[in-house]
Amino acid sequence: MFNYQTKLGQAEFSNPIFTASGCAGSGKELSQFFDISELGAIVTKSIMLKPRSGRATPRMAETPSGMLNSIGLQGPGIDLFLENDIPWLRDQGATIVVSIAGESVEDYAVLARKLRAVSGISALEVNISCPNVENRGQVFACHPTTARAAIEAVRRNIGGELPIIAKLTPDVTSIVEIAEEVVAAGADGLALINTVLGMVIDTNTMRPKLAGKTGGLSGPAIRPVAVRAIYQVHSALPHVKILGMGGVASGRDAFELILAGASAVSVGTATFGNPTAVMQIKEELKNELISHGFDSLQEAVGYAHRSEGNI
Amino acid sequence: MTSINKSASQVWAEIVSNKKVGAYHHMVFQVGELATHAKPGNFVAIAVGGSNSAMVLRRAFAIYRTFDRGVTGGLLEIVVAPHGAGSTWLTNQNPGFKVDLIAPLGTAFGIPTQPVRALLVGGGYGSAPLFGLSEVLKSRGCRVDMVLGASTAMKIYAPLDGKRSVSSLTIATEDGSTGITGKVTDVIPGIIEANSIDIIYSCGPMGMLEAINKISSEFGIMHQCAIEESMACGIGVCMTCVLPMKGEDGQIRMLRSCIDGPVVDGDNVVWGAKRVIPEGTWGAN
Amino acid sequence: MFNYQTKLGQAEFSNPIFTASGCAGSGKELSQFFDISELGAIVTKSIMLKPRSGRATPRMAETPSGMLNSIGLQGPGIDLFLENDIPWLRDQGATIVVSIAGESVEDYAVLARKLRAVSGISALEVNISCPNVENRGQVFACHPTTARAAIEAVRRNIGGELPIIAKLTPDVTSIVEIAEEVVAAGADGLALINTVLGMVIDTNTMRPKLAGKTGGLSGPAIRPVAVRAIYQVHSALPHVKILGMGGVASGRDAFELILAGASAVSVGTATFGNPTAVMQIKEELKNELISHGFDSLQEAVGYAHRSEGNI
Amino acid sequence: MTSINKSASQVWAEIVSNKKVGAYHHMVFQVGELATHAKPGNFVAIAVGGSNSAMVLRRAFAIYRTFDRGVTGGLLEIVVAPHGAGSTWLTNQNPGFKVDLIAPLGTAFGIPTQPVRALLVGGGYGSAPLFGLSEVLKSRGCRVDMVLGASTAMKIYAPLDGKRSVSSLTIATEDGSTGITGKVTDVIPGIIEANSIDIIYSCGPMGMLEAINKISSEFGIMHQCAIEESMACGIGVCMTCVLPMKGEDGQIRMLRSCIDGPVVDGDNVVWGAKRVIPEGTWGAN
């Protein structure tokens, strides 16, 4: 029997294929296409303290093998989220990872306190790729000190059980440095990678296509960046579990991230092109693993590192 | 379960026919059972570029009409303007080729319970969904007038059988190559008055919809319009396609045009809010 | 008459379309396909002090809308380069930009001294995206101090005339910070961007596809990153000329970089797919500019910034 | 001007025919005048995936043979194994479709000035360039023996008219589904001895070429082989396709297999140097 289970921190998951934060709506939208309880986990859209309109439109531009988005974390805020979204997901039998985002260290602390007593959540993904209003709008995950502060705030307030997965941006000089900081600050796992900062200029209007000017690049175009980041961080911190993401559109792609060191894989942009992508990837990855002779997912995690010595 | 995307399904749809009509391509797909669920105003989302395409997102097209053909499966028709890479690729595919298609998606035009006098206004390929709507309205005893506009004759999509389904058809082109010279908005007020129009249904470019809404407001009549926002997913999961809409509580919210639209009540749209979040929008800061 | 000329520092060029360093061989290989004197400039492959074998193979992997390479700066070394390549290019009437790369600050100094008296060179592109052997193999362009040191070494040794274009990597937390440093150190212009660090794992062998494990991602996949970097730097340093590059495969793409703030555009990976890409892009960009009503290239440079106020 | 890529040109080549032969596709392109410049061993580089393809690099294929058809233009033939995305796309294109093709590229097999006894060894589709070579050698009065090997019968490419051009043809498959059971290297020594072979020409996977070179060295005979390295550009500008080669001065250098190859002297190759730079290579540090 093939063992498809995986762990991130103390949390266990029946399989390693998750949705990516911000790419699966509230879960309701996808439930027409498949049973969301079959996902390894649904990772909810990063939720903030208060309701948020997000950025003005246009919010997206297609790019070669990818897309830019600048949604600006539109959402209902934590209270309505806990009131509406979580109960519905729980009713579906979904495995839930809640993603949170803040504009200040205090935001993260408050969000963690609001979540500590909520039942039915498997893990917390902490999106620290957000502008820090207290620090000239610089992104938390771009600097070791602010990244650390945000994760510490969550750690202090979340209580003992819920694993914290810190989600990092690849837009830094050394992602390993940031990873080390957030692990030191109490993160149980790492989510790699958030989108890459990009811009598209509309050559008809001759101005940036997105209302927010810059946006986050996602999709297959950035997969090599994701694989590199996962590989580097797994090399430096082999015992820290990684939730990998970035351009995964097939079982082969997910396998690539697993070999690099991911213990689970989130699928984002691929869902936009194909609502059932996650389910297909779940099947395909399993077949890849079996056809390569693995008896369990765990054996394959980081295998690209181990096999080096062998040749 | 939820009601979002509730009758949508994903199929490999074979192209049954692909004919150039003026500046557009009229394309027919074999879609099976899902054809029976489509209502006027709904749209389809089609994956473009084939495998190994650099285009990762689907393209949305308004459903022109559907046919239920029993066991051989339903047909679904769209009208495509070859514009950029995705639509051009699609119009280059031949009958027999299969595309990955999701439908029906989005909201449909609201059908009045009373027999009303409706004016249908289409800009360019925006006429496509109006013919199916016109059939439905006629079957409910409504009077249907239609105005179609475009920059030039080639961009007027008005097939013969479509024309037959309306009581009057006015065409306006900016270059005067067919019909009257001018914009649809030049003739709408006259038609509203002449035919005591109760409701306008429209589909076309945002600027046209806004101009129509100004007129409908002035006349105090209803206006349902099908909007076209840039969509990454078409199914409500990405939040790219939002536009500011006033709710019943008067609150402006950024709503998804793929699931709360594309057909919306013109009076609820906060017009002219491209590139800005209107003041007072829920969650604006 | 449309004015297609452009300037980088004091150097003038008849048109803004250049080859990208490392993507046009010695010039000889392309001269079968078009007259290389028609290029805005040919930018030579980064040359080092000594002959260099480069990295082991495999050195490349195709990726979605891009490719990874790890050539490792294979080349004959500056002396043979000056003896063989430069005279040949000069004979062709080519406009020459020489790219140099060093492993230490001293390397850059020596390379600059060797080049200061060479005639027929229009500008120097200083590739500082190379590992610094004196600093744990960290890339010069990744840190303000080492980036600065490399450019200062060139500035001090090059003499007065030859413009220095510092080529930066996007793999940093703030490319504006690095840009400011190298400009302060004496760079007359900036080349943006070098490749993005990535990795591909071969799912058949289950190890990194490239012998050098990581490689540089190039091609259309990274164009949004290039546009963003150019836009950010042009915003911060509007008077510093930028040679833009990254995923340009058509006149439309080149136009996008120009609008973002580039005064000239290098074409790299597109040449691999199409040897005459540069010539086609040169024609297409001119047509784009004319059809948008520009009388000169210069008017369009950075236009995406200016038009913001107007709307 | 230089001599690099000296007879290469880039054309839109129409597919004239595309036939499945065993595991391969035999494809014929209308290429015009450039057909006259191709020599056995040269290759073509074809852009794959169409416009908006996510595949940015060309694919290289050995030229199987060319025909000069006067005013109607020359023909160029290749044999393609559908393998990954690029080759599969190519084999799916139909006659009438035009591809962007550059040819002839790379070095050709050296043709001896004397009538020698040559053994041609092909692995899989590696047989393709050998038939044209055989024709040339025969026209120079050489005796030509041929050995073809593959894992299985479907992967032996040996068309009838090709077979006719050789004095003997031995086939070896690993599963024994046709010819003898085994590898080409099992039979080569016997043929060298029986026919007093002077030179071996080979084309196929790197492992096979290396094994053949071991044999040719033992017998002290010449060995020219066409190697297949991953190529990004095919024209010498990217430096991805290098392999370590000994020069006449005994110095190992990383040479480009696209312009200093694909046909190289087997004794000059530093075999087994994948993923390492051999010690003593020029510029290694």
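Structural remarks
For clarity, chains are labelled A, B, C and D in written order, and residue numbers in each chain start from 1.
Basically, a residue touches a chain if its C-beta (ideal position, glycine included) is under 8 Å from a C-beta of that chain, and two chains touch if they have at least 3 such contacts.
The chain list, named the UniProt way, goes like this: A, C = Unannotated protein.
Here the structure is a predicted model, which is why all the values come from computation and not from measurement.
Across A-D and A-B, the chain pair carrying more C-beta contacts is A-B. Mean C-alpha position of chain A lies 46 Å from that of chain D. Distance from the chain B centre to the chain D centre is 55 Å, each centre being the mean of its Cα atoms. A separation of 35 Å divides the Cα centre of chain A from that of chain B.
Each chain gets a centre from the mean of its Cα atoms; for chain A and chain C, those two points are 33 Å apart.
Touching two or more other chains at once are residues 54-55, 275 of chain B. For chain C, residues that reach two or more other chains under the stated contact definition are 64-66, 219-220, 311. Contact topology of the protein chains: fully connected, every pair of chains touching. Chain contact summary for the complex, chain B toward chain A: residues 1-2, 4-6, 8, 10, 47, 54-58, 100, 102, 229-230, 232-233, 235-243, 253-254, 259, 273-277, 281-285. Within the complex formed with chain B, the chain D residues making contact are 49-55, 85, 89.
For chain B in complex with chain C, the residues that touch the partner chain are 54, 275. Across the complex, chain C meets chain D through its residues 22-25, 28-33, 45, 50-60, 62, 64-67, 69, 71, 74-77, 88, 211, 219-220, 249, 269-276.
On the chain A side of its complex with chain C, the touching residues are 61, 63-66, 68, 142-143, 171-174, 196-201, 203, 205-208, 213-215, 217, 219-225, 227-228, 231, 247, 252, 255-256, 259-260, 288, 292, 303-304, 307-308, 311.
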